[in-house]
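The next block holds one structure in the form of structure tokens; read it before the comments.
Residue numbering begins at 1 within each chain, and the chains themselves are lettered A, B, C, D and E in the order written.
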Amino acid sequence: MRRLSIRNLHVSLVAGTIAVIMTFQTTPVVAQHLTMDAITIERSTILTQPGVFGVVTMFKLRPEWNKMSATERMGSAAEVAKLIEKHKDNVLVDLYLTRGLKTNSDFFIRINAYDLAKAQTFMREFRSTTIGKNTDVSDTLVGVTKPLNYITKEKSPNLNASLSAATYDGDAPRYAIVIPVKKSAAWWTLPFEQRLKEMETHAVSTLPYMTNVKRKLYHSTGLDDIDFITYFETNDLLAFHNLMTSLASIPENNYHVRWGDPTTLGSILSPEKVIKALSE
Amino acid sequence: MRRLSIRNLHVSLVAGTIAVIMTFQTTPVVAQHLTMDAITIERSTILTQPGVFGVVTMFKLRPEWNKMSATERMGSAAEVAKLIEKHKDNVLVDLYLTRGLKTNSDFFIRINAYDLAKAQTFMREFRSTTIGKNTDVSDTLVGVTKPLNYITKEKSPNLNASLSAATYDGDAPRYAIVIPVKKSAAWWTLPFEQRLKEMETHAVSTLPYMTNVKRKLYHSTGLDDIDFITYFETNDLLAFHNLMTSLASIPENNYHVRWGDPTTLGSILSPEKVIKALSE
Amino acid sequence: MRRLSIRNLHVSLVAGTIAVIMTFQTTPVVAQHLTMDAITIERSTILTQPGVFGVVTMFKLRPEWNKMSATERMGSAAEVAKLIEKHKDNVLVDLYLTRGLKTNSDFFIRINAYDLAKAQTFMREFRSTTIGKNTDVSDTLVGVTKPLNYITKEKSPNLNASLSAATYDGDAPRYAIVIPVKKSAAWWTLPFEQRLKEMETHAVSTLPYMTNVKRKLYHSTGLDDIDFITYFETNDLLAFHNLMTSLASIPENNYHVRWGDPTTLGSILSPEKVIKALSE
Amino acid sequence: MRRLSIRNLHVSLVAGTIAVIMTFQTTPVVAQHLTMDAITIERSTILTQPGVFGVVTMFKLRPEWNKMSATERMGSAAEVAKLIEKHKDNVLVDLYLTRGLKTNSDFFIRINAYDLAKAQTFMREFRSTTIGKNTDVSDTLVGVTKPLNYITKEKSPNLNASLSAATYDGDAPRYAIVIPVKKSAAWWTLPFEQRLKEMETHAVSTLPYMTNVKRKLYHSTGLDDIDFITYFETNDLLAFHNLMTSLASIPENNYHVRWGDPTTLGSILSPEKVIKALSE
Amino acid sequence: MRRLSIRNLHVSLVAGTIAVIMTFQTTPVVAQHLTMDAITIERSTILTQPGVFGVVTMFKLRPEWNKMSATERMGSAAEVAKLIEKHKDNVLVDLYLTRGLKTNSDFFIRINAYDLAKAQTFMREFRSTTIGKNTDVSDTLVGVTKPLNYITKEKSPNLNASLSAATYDGDAPRYAIVIPVKKSAAWWTLPFEQRLKEMETHAVSTLPYMTNVKRKLYHSTGLDDIDFITYFETNDLLAFHNLMTSLASIPENNYHVRWGDPTTLGSILSPEKVIKALSE
């Protein structure tokens, strides 16, 4: 009641602004997850739901890692596997190998969790494992999944149908790419209708590549110094390159304050394989 | 007398500029705190008064911390508790856990003090504790609280009333977010009336979220390389994200030279719990 | 079939954008290399084909390198030679000496490979050699070769013929220069015809120098935080300097977001000579 | 004679430029100090003269400092006192405590000297003291004092009189603030008359605060990567904050390329007290 | 023959661009030095010739330097003298002391050489001396001297005559200043006639200071991430400051992307004196 009366008061003052606020207030169901303690994490479910926090952390091994015995290093794989098992009802954990492809990291971890505090706890305990103690964190990205904002059934029915129909049918992806995005004040202060138009062009540009490239979006405004974490999986890096060139060529690109910086390209491997590759 | 005569001289030269100066000169009471030595710090009082200095310091543990025994690390919690007790008549001390959520810090400390020198003394002594000696400072923000400048009873009565009426009624906040802000020369050289108009739009945008998000403002121009420290507490990170997206969408955002960079998101915990979490 | 139907749907929505997409989709042969396992690497072949990944990694020796015995350091040359031999069916490896000419590196490695994962494996194993363990990576650039995009036989026949006719006839190059390039959103959102016109001017500017300067191009959009890796070899640094000054003076330069930063200038030497030079 | 004839030649070519040059050439007396060896440094004199070099150096203690015994650390105070005494005829030395208020420094030193080489010699010898060997330099600012350029008796008599009349009458300042300034090409290429007008507005904005804030200016163009070192002392940080907000609100602020970055806020203490505070 | 025919082909396509290229192609004599092995380096000759490479390297001592005995440190002076003697037919070597005046370096070395590879070899061997092993390189600038481009006898006869007539007549310079310069795309894409006009204004601004300030120019486009290394020597830092302020005030300054960053100010001393000053 009180909140409504506050709103009414100001609708008369700055009606356009309120309209924007209303748009963002329409996701109340999501918040319920935040306080639920006993959710079992199911991969295919958590990766498609709104209201899920994503934490992507890049790690770089310190030179000390090389001074340990190979046995100790290899033993870290079992230690990490045990930690993942311990937290399996709280967080979904994925590892990726970046050594050889990136300057500032050797591997990265992506956590999906309904409760951000649980992701934090996992990451904190990982830092106390043998490999965790021998790494520096080089980047951390925090975001949350949300329902579609632009290309919905209501706002853009044809494109929504096309996006729903276009599914990945390539080989199992061997590569993941993480690209943080920040958009300019000029973007955010555009009328919603104009942003919708630009996002339709964006969606059209991505459609031809959806059979070769998987993608996932986390929203970060206010939670981090970016607006989005864009996450991709592919086995066809040329198709992915062409997708990104295509997105560079549409007007939305004029509104990018940050697009990458860093772009992180890594190999999709099991946690055990990532750590063993770094232990050889 | 002398100061008045100087002013009169120049009112004739650059009257508009003087008008701005007069605005800022109307907070003389505040300065009295600066030289008072025997003030007892009372949390709910100091957190609502003008003329209070805020120092927010981000800390990152060095690898050496992990080489100490767990007992030594755990012992640091009592040492810090004792230091806080020693300074309890000089400074209000809050700790926050960021490990796992941020790249450049593991925890941060917020000091509130009537006398900045006393905040400096506490921070200096903290640096000589066991945990303090094993950390690097990754960021320091200094500011001071001031009376409302724009949305006052006189200048914007309706909004002032709404802001006063809207109080937090969510669960105890588990998260704090610190976002430094710097505004452009284009902002500061706007006529006051225009800045007031933009801040009214700002206030309207924040109102729907004041039941879910607490906020506090420190002014930093000249004391630090930013204009404001904005500090938030919430238990609903989605609501906070929506608030920040809402603020990104109003014209004020065009005047941000820096908004975040870094945004620091941490968990609100007692000092003991923060240090123990970092000692496990 | 399905992909075609998706495309048709959107051609009606945003025809111009689709036109751009089609352009990039016309290189399907290239992708075949990606899954072939038993290709023998032949230098003159791999360096002229499209669909070849390039990874350029800059390395800086840590002070510990100087604390090893000269014998150990010298022994690293044989160890690296053995590693290159082991991977000779997977990757083409070139080393360059930058110590004395660059701040952030002492040498760099360029890998050419049909499969990026194989380049990653080589680089990962190099990091475990004696010299690899004593270096920090200061930069990594990833790209892929593609067929000509602008100055083709069809789009610009005269210039294409001139480029084909102009071959290097200088002394064996002693120097290589690596210059990463990122172009602005303003560039990428230009109509293709306009970009073609600018690239014709670019090609004309380079022609007089093609007898003195060799060049090679990798495309990086989406794979890295740049759009291109431009790689040059020359024995006439003044001619190269004049070439770059000439390219600075044409309109294309207005679209550079990044051109260098870093420019890496190194000496072309055998892997053995590079490592021995760093071991003296 | 020769110099005059060169000038005459070019007055006919670019008269406006020459006019600017003439302005700067009118401070010949100053240079005489540069070669004088036996000047006794007198604080109140050197701090008010033109032609005096200022070197401001920020220092950060390395972790090794904490591993020394408290006795050794405390002994450093006497060692530094002795060094200051040794150089007392060459340089004026001030120390300031920043630990607890700044990220990148624990203390800073300001040197005033008629001969820059003598300031360099002191700073070099300081680096060989016990505390000097345990610090990293995090910033160095070099400048020189000059006669008034804009608000002179001739160019702006009323404001000049006001500035001369307004003297500090607050408590002994406990805080110093150092703010480096760089102005844009747009500023420097303004006609002198326009810059004079903007600086008059600047002067008017500062006048009300001159009873609470002391200030001093060093010119750095060409000697360092900034144009000015602005140095302030105050006991009223709110007044200082209001002064800086006032200066942010005038047109001159549009010409700032750098204003701070870093802003350094420290406590004014004797050298002995600064080092002892860092030794506890 | 072939080169000419290529040119003719394209003159018809983009005549204006070719005109610029021709300008830069008119320095063929210079390249001859590049392959000559047995040139004796003569200071006054090499410092005035075109086609000479300049490498300026900034060095910062690591803390380990202080842990060596004073004898070892002092012994480094003889070791460096011997190295300079060994390479005296290949490179001209100058050292400068920056400790106390700069943050990121303690000293710098300027090499002049007809063959860049020889400069690289000297710098590489320097890195293996006692002092070289205890330093980090903080910056490296590479450039090459060229004949005058703008203020030539043909293009600007009066100014050329004035520049030739104006010679340094001050005391032996005690200070050197190195300022890297990068100019914008807007500059390079100006018509040559306009750039000539701006450089005439530049030359006029410098003339009054040529009796007090020596200067030397290296071109770096393509060889490094800058366009020019500007190098100055003076004994009158106020005159130098006024010169730089004068150059800040002409339209050319609008085209600076980078002017300094870092500006490096050091004392001109013999190699022995530089190393001994750092060994005390």
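Everything below uses one rule, namely that contacts are C-beta pairs under 8 Å (C-beta built on N, C-alpha and C of every residue); 3 or more make two chains touch, one makes a residue touch a chain.
Since the structure is predicted, the reported quantities are computational estimates derived from the model, not experimental observations.
Common neighbours of chain B and chain D: there are none. Taking shared numbers over all numbers used, the chain A to chain B interface scores under half, which places it in the different class. With centres set at the average Cα position, the gap from chain A to chain D is 47 Å. Averaged Cα coordinates give chain A a centre that lies 29 Å from the centre of chain C. Counting partner chains per residue, chain D shows two or more touched chains at no residue at all.
The cyclic arrangement of chains, read from chain C in the direction of chain E, is C, E, D, B, A.
For chain C in complex with chain A, the touching residues are 2-3, 6-7, 9-10, 13-14, 17-18, 20-21, 24-25, 27, 30-31, 34-35, 51, 53, 55, 57, 62, 64, 116-117, 119-125, 127-128, 133, 137-140, 142, 144, 146, 185-186, 188-189, 219-225, 227. By the touch criterion stated above, chain C contacts chain E in their complex at residues 63, 66, 97, 99-103, 158-159, 162, 165-166, 171, 174-175, 177, 179, 200-201, 204-205, 207-208, 210-211, 235-246, 248-251, 253-254, 256, 260-263, 265, 267, 277-278, 280.
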